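I've put the structures underneath this note.
Note that subunit A is present in both complexes that follow, paired respectively with subunit B and with subunit C.
Up next, the complex of A and B:
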């Protein structure tokens, strides 16, 4: 044997090993993707179903066929989407993904065009839903217009968000920056309160709200939800303030700013991301609230989206799936859009960012 | 204005609103609940016959022959057992196991694909509770229109009434699909915070995927897992919103939290038996306080006092 041949026998065949390892990685990835797709399908299917009902169902029944057409478009789209992401050196992945979603959507529109209609959303322009469905002068004719509920919900969620963001950033800043007597005790009790399941307090909270005269007002749920979420949000904001270096503040103050000016003009812009995260969480919480809205009212003094949807589905359920689904879509949409827009902030939250 | 006075004013401005809100709607209710539990408050809001243990006698009676010195009434014992079953299975299958599986699988794939699946699993948590409840009502609908029955009959099964015949499974799965996402998020960020060199080193030494999970990831997850266990057990024990929205006041799913809620404030069916509800809530509150204190002690939560543990990139 020549020395060259010996050398060749000894060396590991790197090229081959690399190919083998790459192939194995692809298989593993494919298996994981398939597994996750399979377990995620029940969730996606349920939401897809709601949306198809909202846009296709006619009074009196639910066409099941449309769901299966929609599902048979969604599933291949999903699979190809996953495959595209698994191809390593594909340029413009994002463009491919969006293009694919566009194509899937287009096929869906073509196939379901005959079924598609907006009739279920007529509650948006017709102020009197119950009359529309059951004929004039039936029980429960006092049912409000959906926009009233929508703007009540919007009001509740927005005011609550403003209060939560303001109060928690004030408290978080103070706890992060100031030494005062009882600071560690305060922080520790806050920590215990954060872990404490506040929903157990619904009965005494009702009594307190009753005693201070806020029963049947929309301010009751606003204040209560704010208070219950505060310990958690104060900790988030404190974390953000902790991450801002002291030097920034110091230099602002050497330049003649007061403490409060430094807070307002220098520090707050630094924690913008935190304010957004807290704001989004608070808004979604306020938007979805059900227990404290129904619990803190006696009778039907004001309607928000949660109670509106609840009564629509209770009263109209058997008659008209389509309208109920359309109301649900209208209710879900703002929360969903907000969540998708700010998803990158929310899913990155680490420990301490705990909600149960 | 002298300096000290100004400092106090600062404190009042920055901490005052938070303290006021917390005192009014979080601390005061604990005290009020304690007092109300020992009255006969029902329908009207008066402190009748304070103090009385009447409400607790409805839950159980003293009996020197019994194992713990008291014997539970049947309805309350049933609520206790249902609560236990519900918490145990939801926690075991979803909030821990499935959350862990989701975190492990989504972190083992390309970032964008992984976050897509995590977003899907966060969807139920981000949807309004009434919408989620409604979806479930339609999925488990007992007619052939229900989504589950559509699929089930397609494979040749008879239509099932899941709410009636498998009520515990329905509330376990419905709460589990929401609960899994919290563990998923927290475990994911814990896995991400493991230095990548550890994985490279283990790979170079010939470790496979399961060895990585067993010897690197799981040890790093020890404290998040114990945290999630206690936190979620507590959250499930006191939760009633989804159970109420999906099952209504059904007997098969009348857990302790549901019992307390339906006897008092539940819309339309709430009976206004405030003292009775408060007595049950008191038990949950005591468990809550003990667990909250225990969590703080057991899992070294005081680390939070030094180092912030939230980061948003």
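Up next, the complex of A and C:
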């Protein structure tokens, strides 16, 4: 072989290797996206069911027609999306993706337009929902208006959030900064406490709450949930405080701040992401609480959203799935809005993540 | 501006003692450096001066008054940290004005802007620390430290995160400013160049104790201990270990004459004091490093690797050259077995 041929062979060899590697990378990515798209279909269907039923169900019985239509749009859309995602050298891939989602949505709207109605949301303006559908005899006149439940839940979740955020930030700071006797034991027990399923404590907690005299008040679940959630949130906050350099605190103190002023003016602003994260999670925990609300009440002394949803779906005369789904949509909305509002901060969160 | 004094100060933790029985007087307006390897207790000393740590034993005095238990915020002391420790949630201006929040001053902002101009960050005051370069952050930190006219300015490795040329400028800058305000300043550093170029006096520390206090020149020329001798100077001191018998340090067929010392010793010679001569320790050149306007040449001899500095851009020797090294007796340093320098002892290179 002449030197030129040798050179040429070598070039071809490298080119082949490059093509092989590109193809391998491509297939791996394709397999992964298609797998993830397929497994996500059942998960998405649950939400799809809730939303379509909430806006379309009419008879009160189990209706599946709309769901099938919706699913038959969603599934191909998702699969086409996965395929498009894997087409190599497709310009404006992002635009294609959004276009596809738009098309899928448009087809859905066209096909389901006639079915669409807001009747299932009548519970929002009708305080006597159940009497209205079933007659006074079945409901016994004890069914509350949804807004009562809504504001009870809001109260429960908010008070709980305020307590959790306050206590966990002080405790986390103290754990992060001070060496005291039993500190490591305390930290370990924080984690061990998380290992107990809270449900195992329902009976002793009920007894304590009963003796204290808080049964049938909304303060019982507030205090109990707070107590059970705190260890974990304290641990999270400790991580955030750990990431704030000592130098900054020392600097504030030599600049003339007292320890408390340094905490408020310099340290707290730096764990803002942590405070928001803990706040969001605590709020959602309180918002969705069910076990300790039903467990610490006898009869219907007050209703929160979770118990309201339960009563709506447990009606002895048969369930109106349309209304259940509509209540679920309302129930979901505040949590969703909260997530969306705080998403910017939550995605910044790595455990103890403060940018250096 | 204050005279600062440490009297037999000890700082001990549960397991370790960071500072042992340290006594020191820093005059009003003086610039001193605490120099030592990491973990030698210099930062602990600094934080005790700042009031962050309480001394375990001993007293700290400002202008003759014991201030051991006075809180950090009442000492009117400023620190510039290695990490600058700017408050990320505040703009540069807010950072500089932060100390004034606690001692209300009607012309606070004016003062802050003055300080910012002094350290040349007047244009950057609306930026957050994350939008400033390392050098700019450093300047803001310095302005923040100066704005309250501190009794004592503490600098904790302030230059070690800067690149070489910036370090040179900041060194001059800090020196200029501390002179201008006649500030009592303590610089903590492990960089001998920083310590020797900036300070009036250097305090060399090791393992929590003061090794030697002196002007940069005296520490370099007359180290009291082997530690100081080898810690200060770059390239480092040449060290020859051996046992003196009948006034001679023998190695193979060679010997060095040692006067006024006996037993196990370590001989130290500064690289610039070793010269190539007709007589002396013979050896083979093993390594040549041009360092700009000097050349560092390493020679393999019976007494180990010895290196010497010669002025000049072009190397005079190459690997494999056979040369002889000699040194003026008055330029040799003799240390005893424990590392203490034997005053008056010298070595002669008459082999």
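Rule of thumb we're sticking to: the second predicted complex is superposed on the first by the 294 of 356 C-alpha atoms of A that agree within 3 Å, B and C clash if a C-alpha of one lies under 4 Å from a C-alpha of the other, contacts with A are read in each partner's own complex, and residues count from 1 in each chain.
Here, a contact is a pair of C-beta atoms (placed from the backbone, for glycine too) under 8 Å apart; a residue touches a chain by one contact, two chains touch by 3 or more.
As the structure is a prediction and not an experimental result, all values here were calculated from the model.
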{"item": "Residue contacts with subunit A in the superposition, subunit B compared against subunit C", "value": "B"}
{"item": "Partner chain in contact with A:171 - subunit B first, subunit C second, else both or neither", "value": "first"}
{"item": "Touched partner set for A:40, first subunit B, second subunit C, both or neither", "value": "first"}
{"item": "Contacts of A:270 with subunit B and subunit C, given as first, second, both or neither", "value": "second"}
{"item": "Which superposed partner A:336 touches (first subunit B, second subunit C, both, neither)", "value": "first"}
{"item": "Touching partner for A:247 - first (subunit B), second (subunit C), both, neither", "value": "second"}
{"item": "Subunit A positions touched by subunit B in one structure and by subunit C in the second", "value": "355"}
{"item": "Residue ranges of subunit C touching subunit A (in the complex, touch as defined)", "value": "47, 50-52, 71-73, 75, 77-79, 81-83, 85-89, 98-99, 101-103, 130, 144, 148, 154"}
{"item": "Contact footprint of subunit C on subunit A as seen in their complex", "value": "245, 247-248, 250-258, 261, 265-266, 269-270, 355"}
{"item": "Complex contacts: residues of subunit B adjacent to subunit A", "value": "10-11, 13-15, 17-18, 21-22, 24-26, 28-33, 36, 45, 102, 105-106, 108-110, 112-113, 115, 117-124, 126-131, 134-135, 137-139, 145, 147, 150, 177, 179, 182, 185-186, 188-190, 193, 209, 224, 227, 231-232, 234-235, 237-241, 245, 257, 260-261, 264-267, 274, 277-278, 281, 284-285, 288-289, 291-293, 295-296, 301-302, 304-305, 307-313"}
{"item": "Residues of subunit A that touch subunit B when the two form their complex", "value": "28-29, 32-33, 35-36, 40, 42-47, 49-50, 62, 64, 67, 82, 85-86, 93, 166-168, 170-171, 173-175, 178, 180, 184, 186-188, 191-193, 195-208, 210, 223-224, 226-228, 230-231, 234-236, 238-240, 242-243, 259-260, 273-274, 277, 284, 287-288, 290-291, 294-295, 305-306, 309-310, 313, 321, 324, 328, 331-332, 335-336, 339-340, 343-356"}
